[in-house]
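Before any comments, here is the structure.
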């Protein structure tokens, strides 16, 4: 008989859907787990919307005050999917109440805001994780395994980008429930915290720490109508951010993110070049990994396109049969599975708050470098 | 409040999982539906296995005799996921009992076996559908919309193949629960009914009826150990099947399927060439559709790679945001959604048993053509 | 000091350009050759056009009667680039005059017409070759090497197609200098002799002889204005041809060619699936070969894209540096190089007339099969 | 009757071959030109090597002293293909002697060295051009046409990289005839002048001037045996160079080049994102251009892969028929054609020395930025 893990979800936007879906699917695909998530409560300030979400996804109850949610005895874990400016307060309170805490990325708006969160969960000793879900794309996990196996040898280059095009239209407003990502107050930053943070989390995981960075940011559309005030206001976020960096292992990093790359919807790609082999990956085609192995016989050497759908590839023994794709949502299912597993083993479920703090530090250094037009140490 | 649609599932193999998963997800993604599937019972001859399946997927009960399942008053719809040789008997009995019937493809082993099934559901007037799930890949549905819009003009060519490589090893046995697809008695045919049937269903849907066919089949491995008898027995299935054909609309068709195409896991692709435009699609990259439009300005004319993840593309308003892939399983979710919708509207949910009969007729003509080395009318 | 090989070119159309270009380039890229082609004479019925061609390409003289050309003592080799209906007469006369003969593909319109050509060159004992140039794409030659090395093991499938779209417009006339390929009298057949012949030549080279075939052809546009008569006349050629076949080695073949595949300019592709490995190639991207090797470690196994531009790959030590593409024209340069080399070694330069006869036999069987709607032995 | 343009080539390495080949082919493919290059003389310090080159490529004479070459009356144009450190002296002397000057890229090792070259050709009023050959890839020229047509609208992003992997092996020596590109004295810089200079030239042409840059360079292998001294010496070149920049038009640029990207032979790619459309290109597949047009109907909108082989696409009316690729060497043929044409029209053949000076200025700013770890204005 599986043990219940009673979830209290704070927020119900896009990430509310992806997390909830994951809680509902995980035991179907990972029946061996000792824990079973229960959708105990969803919390949102607007009662009718929170209730509608609860009805659609079958939460057992609904709250409008997150503090009350945290006080409830029948909640084991608090999952935070609010805009970024509310992560810290909720997470710290939850940890202090002894709840496990799962927090949507980025951990918070800044390092300054993130650090107390890390301290809170560590002091409370509660299980915690941050939803940098792309680590759990099977192809990305396989990349990690390949790198850890030593196949790449010394690393020379890491490059990643996350390209979108959805904010090119200058008539798009900023702020509010749907567009808080364009509002610097709610989001903290623009593409840096939203998109580059993903790229940085993966890079730190695959290639180790970053020493220093040199960045440039741009805000192409300087003013947008604000949904909450109804007024045209200055845009405070970065529309695009590019940086290069040194990793601790001596390799050079190159990162770019923008929402002004016409033709790209959510093109997260990375490539890592080692002495002996290279790897690349693309979110638009997430079931594939490309791999080049210089030790192949020279006349038949080339980039391999690996369709990551076989049972011996990460996570894929839990899904279908070779050749049949999984999708974006399964990255969250996999993360819940790993989180539940971590409750059994007592091992941390990475990225923990502590891990995510390093991403915040890189993001801060990037933004400072862009502001000051100088190299910044991380 | 949603109405319940109480499902009785007969069988619990690979397709038992895909269908069950679809029943469990459909209302999360399609909350507007009036019906909600309920996993009332699963039926399998081996009680402990059926019970294990019921436990994993949370069926409310378990049966070992499908006749008893059909007799139950608390079942609205029978879903058949057994090997092909058991489809007909179960489906006819279900229809006669007034149950809705959903049947995994192919409808049955032969046209002869299929026809009484069609007559049974039509006589009973019960809703029915066959799980040719690839129609519900959003990219494939979009192909249908593009064709119906007239963008292609007169059609000249249709080609499709379904290539796998999992039976090359001659030590692989035939028969039994996992490998009944290699056993002619259980499956009826080899790749023709298993893989080509998918290609044919899509083709009939996109390009209309097939007039006549000329085929060749091959059985590369002539004998395999049989799992049920433990003896080496003659292999009765076709390992590969190739045919060309005339469609009623004057276009030429070319079809190929095999389980001996080293390097391909489940490579279902099709391409359709019209006077003014062409379309192609590939299951290994199922979120994309390729499209060529000759009316584009000549110097910038080329095949377009469309990432089918936007809200105005079929089914995608029910999932995530642009750029984020869905997977194989969602084709089943979409089909359940359409089936539930059809119960509201009273319209048939295609492909119906009647539709699937035509695929059976083409398959029969193909096998007869191969056996007699001559053209066969459908 | 290089020996001269004095060329007499009969015809000056598109293939006249590709061959002439090859003669002019070969010693630049293959300086080690003992022979140097000299553009001695070009022959064409229309004097001013022949002279213009001679001027552009720097032929030393010009003839209007091919018989006179053959009589000339200062010509060593006759190269035939006329429409197909004139190949036989010229080739036989040239051989009888003791000239080497290079003949554009297909050898002639039919096997019946081709056989005496083979007999003539063999009786005369003159060096001869047929310009099935695609054998000399470095990637295709590498495919041959890989197959010969045994890497593929037992072959199960060979498939090829050659897709174009340039005759879809029904206003396009047939016949005359530019469009003799649409005129059955001049061409012999449509896509079968023009395009499929290439596919068949490569297939026979890579996969051995074909035993029997089953084909279908179609003429989508039934009548076209004829350029020579000015009248609308029945179209005698096949616009499309599809066939499947058995190879002698037990593999199944699938071939398709058409000029009605909207979106494809000259898409010649082939794929060969063996027990242990597979290969595919595409003329639109001719510097690459795709290769799948099942003996790769399973988690990193996938199709390799090999960029055939390294010095250890066929012919490429004669061109640039890794990563830099060669083009279509170099297939002819390579064939001239091999022909010149064969004059040094005394070995035949494949495909010889004898080799090309087998392609003609397959083409004839294909057309007969289509006409009679039955299998035909080759 | 065509006028002769008598070429004196200084140097005979890899670029000597590409240029010479272009001179020999240009009139075959561009018969309408008024000028015909004549291979009058090649000049090299090592007489037997220069003579061997002259023999292979059929130069009419050979010199060992470039000053004597320049003095000759029978030379119209001096083409410089020496290592970078000899460009300036030869070019200035040639201009002063009234010769036309064609110079292999980069113009020289630095801006300081380049400026007198520009002044010399301008003072002498002689036709001049620099061989940034990638502008003449038909796909790249088409990109220029598309951009100039206004299809892209306001530009947001330009990114380019040039990735190779041929110097990873630390046993590779530096210096000498074959490896002067690894010797800072001869080359001036590493990948910056060799590879990034190409990317910068294209970028300036397509997207206008660069305002300021922020760069990082790395030398992964710190010491290599020097071919000329036989001793292990410090490596003075940059093995990798990355920079971001602002263009004058407000767009952000991102550039990367390295010879340590395992798996890439000569992967020059660029992408440009505009408000309404985007373009990308890849040297490994040089006959294609990818194009995304946001004005396409949304459900069928996607990146187009354009096969640049049609007669209405740049330069392609001079080559074969649709679908048939040209190669790397034709970029040089096209540049010679444009240079010869410029002699007829009196218009400059871009990039001129003046144009190439701007690339040198960007390169210098890049290297200074890397050295000083700060932004640099161009």
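Going by the order they are written in, the chains are A, B, C and D; count residues from 1 in each one.
By definition in this document, a contact is a pair of C-beta atoms (placed from the backbone, for glycine too) under 8 Å apart; a residue touches a chain by one contact, two chains touch by 3 or more.
Labels paired with UniProt names: A, B, C, D = 1,5-anhydro-D-fructose reductase.
All figures in this text were calculated on a predicted structure; none of them were measured in a lab.
Asker: Which chain has its C-alpha centre farthest away from the C-alpha centre of subunit C?
Answerer: Most distant chain from subunit C: A.
Asker: Using CA atom averages as chain centres, what separation in Å is found between subunit A and subunit C?
Answerer: From the centre of subunit A to the centre of subunit C is 55 Å.
Asker: Can you compute the centre-to-centre distance for subunit C and subunit D, using the mean CA position of each chain? Integer Å is fine.
Answerer: 36
Asker: Roughly how far is subunit A from subunit D, centre to centre by C-alpha average, rounded to an integer in Å?
Answerer: 42
Asker: On subunit C, where are the residues touching two or more other chains?
Answerer: 288, 303, 307, 310
Asker: Linking chains that touch, what shape results: line, ring, star, complete or other?
Answerer: complete
Asker: How about subunit A: which of its residues touch subunit B in the complex?
Answerer: Of all residues in subunit A, those touching subunit B are 14, 18, 20-21, 24-25, 27-28, 31, 55-57, 164, 166, 264-267, 283-287, 307, 309-310, 319-330.
Asker: Along subunit B, where are the residues that touch subunit C in the complex?
Answerer: 156-157, 159, 165, 168, 214, 216, 218, 220, 240, 242-244, 246, 250, 252, 254, 256, 258, 260-263, 273-278, 292, 294, 303, 373-375
Asker: Show me the residue ranges of subunit D that touch subunit B in the complex, using the header's touch definition.
Answerer: Interface residues on subunit D, with respect to subunit B: 142, 145-146, 151, 288-291, 293, 296, 298-307, 310, 312-313.
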